[in-house]
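Next up, some structures in structure tokens.
Across the two complexes that follow, chain A remains constant while its partner is chain B and subsequently chain C.
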Partner chain A sequence: MKQAAYGFALFVFLALPPVARFLESVMIMHMHMQMPLLVIAGYMMARYFQLWFPGFLAKWNGNGIPGIVLFSIVVMYWNLPRAMDESLELAGSELFKFVSLTFLAGLPLRDSWQKVGYACRSTVFIGYMAISVALGLLYTIAPVQLCNNYLLIEQITLGWGFLTTAICMAVYVVYRLMIRHSEYE
Partner chain B sequence: METTKLQLLKDKANRAMGINPSDALISKTYMFIAFAALLLGGILGLTQGLEKAGLITLPEWLTYYQVLTAHGFLLVIVLTAFFTIGYFYAGLSHTLGGLLPKVRTMAWIGFSLKIIGFPLVVVPVLLNDATVLYTFYPPMAASPWFYIGLVFIVLGVWMCAFGAFVQVASWRKRNKGQHVPILAFFATGVFVLLFFGSIGVTIEVLTIIPWAFGWTDTINVMVSRTLFWSFAHTLVNIWYLTAASAWYVIVPKVIGGRRFSDVLTRFVIIALVITNIPGGFHHQIIDPGISLAIKFMHVFMSLVISVPSMMTAYAMFSVFERRGRELGGRGLIGWFKRMPWGDVRFLAPFIAMAAFIPGGAGGIVQSTNQLNQVVHNTMWVVGHFHLTVGTTVMLTFFGISYWLIPYISKRVLTPKINKLGVITTIIWTVGMALMSISMHTVGLLGAPRRTSYTTYGDSATAASWDPYIIVLAIGGTLLMIGVILQAYAVFHLMFRAPKGETEFPIADVEENASETPYWTERWGRTIFLMLLLIAMAYVIPLVDMIVNAPPGSPPFRTW
Partner chain C sequence: MSPRSKVRPTTVALVVVLLFGAVWFYAGTDGFTAYTTEQARLARLAKTQPSFPPDVTLEDSRGSSYSISEFAGRYVFITFFYSSCPTVCVELERNMEQVYDKLPRSLLDQDIVFLSISFDPDRDDPARLEKYRQFFDSDGEKWRMARVKDQAELDRLLDRFGVIVIPDDSGGFAHNSAFYLVDPAGTLVDVMDYEDADRAAEKVAGYLNKGGAGL
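Up next is the complex of A and B:
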């Protein structure tokens, strides 16, 4: 339960206007810090919901697949340049960003990750890696500004952020494929 | 079952009979080169100190900056790299039941690569074709062979790192579910940093080579400097981690105590590995072309590293106090007097730790933007690293040498050599104190670093620096005596001391210590987090430097 409290504190901290303004002032921090941290806040709070609404989660997310699908849709939506741009313009969209990433992505992710099998986890992981490569290439190659609010250089930086994330993930995949924990533990 | 029994037997035999001769030869060779580099580097250091004070004039064929290049290179690259590898390979051999034959082969391949690289680096320096100082920043360009030599040296170091990984992985397969012995855990952390930390500088050197040959016209100086410091800063923390391994594991045994919490020790190692590499920017606080926000972020990253250091300081004093009280020390400082002050294996690392207090404080000063403006590129900085690497790291290495060299040479430390070691330690401490304090002070008065003797057209300000430089030269002379004594002790312990068995001192964990969680062994995760943090720290500035690059610089020969 302590963890849920920390998650909530993180959520409140991220929602403080100066913190939000600061993180949103740089494109890569907006997408690669604020958004993942919101997901993490939800992930940490999930414990609370698991304990208090076990029936609801068992009914709607019995095998974990609905939760993973919900997570994927929400995360994919926030990967669209337009969505990010809009959250800076419309208060409603900003509100939706905070609510959706925390409660519709982070929370179901925690509940589902334990339930789904290895194949599903790998698909999500590899899928996210592929999206990172695609968006990385899009942002580094696109010759025009894709967001109203961020300059071209910030877009290129974010593109490299995606590519390096993908590289880190690839290193991890190779490590998992080459090294069997069972041989060591 | 059978294999573990066999392993146990082998371990026992290993303990009883000491190190096997082929493993010993590896460490002995590395140690020999390390201390030969100390001797040579020390001579060059004194030469510099005397020249700088205007007490001697160098001959036509040797310039101050050649000497400075060689001094820096020998002491901070050769000495530290060879010592670290020699020490940890002996540690791996001792704690993991002997090196595997293929690991030994890898260590020798690594050695050969370094030895191939050596003349390629040294000859251009001697010919005055590579007087670029050990930092070799573009746009100063050396002979391309100098950089090719550096590539060989890096490859040699990587080979040794991979050898260590193979050794540890094989041990873990044979000892499923167990924690890697603590010294081998330190070694893993150090070699992980050594490998990942040198990727940046390798990329830098690979872009410099075509430029030095004239195949490309220009180079991006900011990118080169950034890649260089991502490495050199990590190197600094590799020394620190190596020294800390002796503080946590060896020193408690030397004083007859137990080591501090195993969990905390492993946590400190993991924390250093993850947070280290991004700290490099604190060496570039004055560089143009890096935005203030980025510099601020990296100052934060640097200061994070002081957290494990503070934990280390706490751990050490706690170990000392507990042991001192066991020995009957009373009151606030009574325990302090009970320490074995006459034992060089304790005295040297103790002074090393003590020197890290002002050294670390100076480091925090330098990480602060406004204060850095005052001391940047002055003699202050030279004072700082002679205190940190020249004292903290060196005295720890000296302390290690008094048991490690006898251990690998199957000889013993005699009381006479121990006494010599105590004297060396004291001379070193006094010499460094004189040299470092005068360097810090004269730096605050404005004396620049990396400059040979000059009166600046008889400037009065410059003349006011002279007394400090004389003190510097006196300290340097004392240090030279220390270097000679230390080199003699090493030589004696390696080839002359009486034969016998010396123990490899490894302290046990305290009784009723809490179980160390197994996640500490998950190096894959640690490395993943480390890479993520590196990406977070470097993507923004590097993209900016490359996309908004200036025209770039042609090679310059400034000497």
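Up next is the complex of A and C:
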């Protein structure tokens, strides 16, 4: 339960106006620090909800598929350039970003990840890698500014952030395929 | 085994989640049409059709000052730029020049004015605008380069037309770019892609022909 408390503390910390302002002032911090940290906060807090509503999650997310789909939808939405802009301009959108990434992405991810099989996990992982490559190329190659609130140079930085993320994920995939873990256990 | 077939709760949950996602994406992208704020802005401008704010005073490359309302009765083809801009503005003005050149002379002689408005009034004084004018070979009459000297007036105009200008660290600005067409009544009737000069010239010609037929 300690972990859930840390998760809650992280969520509150991220929601402090100066912290939020700071993380949102740079495009790559907004997308590759604030947003993932919100998901992580929700992931850590998931234990609370699994204990409070064990019946609810067992019944409606029994096989983990609805939760993992919900996670994917929320994450994909916040990858839209427009979504990022609007969270800076509209208070409602900003609020929804915090709520959805924490409670509709991080939380269901944890509940589902333990339930879904290898195939589903691989699909989500490879899917996210593919999206990172696509967005990375889009942000580095697009000659026009996609977000009105950030400069073109920040957009290119973010693009490289996506590409390096994808490279790290690819390295991990290769590592998983090449190494037989049982030999080391 | 009971013969009744029962929908599993997880299936119900999955359908609910997918519906939620579809509605959310639909609402968040204006029905899958606008994935960036800029696309959403252009769609909104096309719908609301704002008009010139009153009392905006321009000062052009010849140093003469006049109100923007002086263009009433004529179409005005507008771009927003600043002369120290190293990249986009040059392309923007280059493409504006193309639109200018592509319009048939007979239409150009009709009631249309090309107007490049600087949003950097501190640096873009008439002397600087004059240099910029020569660079793009505009005649200073049919195609004018001007600044809005008063910052409050400038902000009102930019705000009305949805132009976003953010100063950056190196004394430049990040800004969105487009071709704006204002009709003789002073209403913004079209916002066009500045990268497609052919299309813009066609559209402007269409508006002018329409106006000409009505006279």
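We adopt the following convention: the second predicted complex is superposed on the first by the 185 of 185 C-alpha atoms of A that agree within 3 Å, B and C clash if a C-alpha of one lies under 4 Å from a C-alpha of the other, contacts with A are read in each partner's own complex, and residues count from 1 in each chain.
Everything below uses one rule, namely that a contact is a pair of C-beta atoms (placed from the backbone, for glycine too) under 8 Å apart; a residue touches a chain by one contact, two chains touch by 3 or more.
If you're wondering where the values come from, they're calculated on a predicted model, not measured in any experiment.
Enquirer: Mind working out whether A:Asn61 is in touch with chain B, chain C, both or neither, as first, second, both or neither?
Expert: It touches chain C, and chain B stays clear.
Enquirer: Touching A:Ile126, do we find chain B (first), chain C (second), both, or neither?
Expert: It touches nothing on chain B or chain C.
Enquirer: According to the stated criteria, A:Thr165 is in contact with first (chain B), second (chain C), both, or neither; which is it?
Expert: Only chain B is touched by A:Thr165; chain C is not.
Enquirer: Which of the two partners, first being chain B and second being chain C, lies in contact with A:Asn149: first, second, both, or neither?
Expert: second
Enquirer: Which holds for A:Leu90: it touches chain B only (first), chain C only (second), both, or neither?
Expert: neither
Enquirer: Of chain B and chain C, which one touches more of chain A's residues?
Expert: The partner with more contacted residues on chain A is C.
Enquirer: After lining up the shared chain so the two structures overlap, which partner does A:Val12 touch, if you call chain B first and chain C second: first, second, both or neither?
Expert: Neither partner.
Enquirer: Touch check for A:Leu51: first (chain B), second (chain C), both, or neither?
Expert: neither
Enquirer: For chain C, which residues are in contact with chain A within the complex?
Expert: Contacts found on chain C: 8-10, 12-14, 16-18, 20-21, 24-25, 28-29, 34-41, 164, 166, 168, 174, 176.
Enquirer: In the complex, go through chain B and note every residue touching chain A.
Expert: 169, 172-173, 176-177, 293, 518, 521, 524, 527-528, 531-532, 535-536, 539-540, 542-544, 547-548
Enquirer: Under the touch definition given earlier, write down the residues of chain A that touch chain B in their complex.
Expert: 26, 28, 32, 153, 156-157, 160-161, 164-165, 167-168, 171-172, 175-176, 179, 183-185
Enquirer: What part of chain A is in contact with chain C in the complex they form?
Expert: Per the stated touch rule, the residues are 59-63, 65-66, 69-70, 73, 77, 80-83, 85-86, 89, 144-152.
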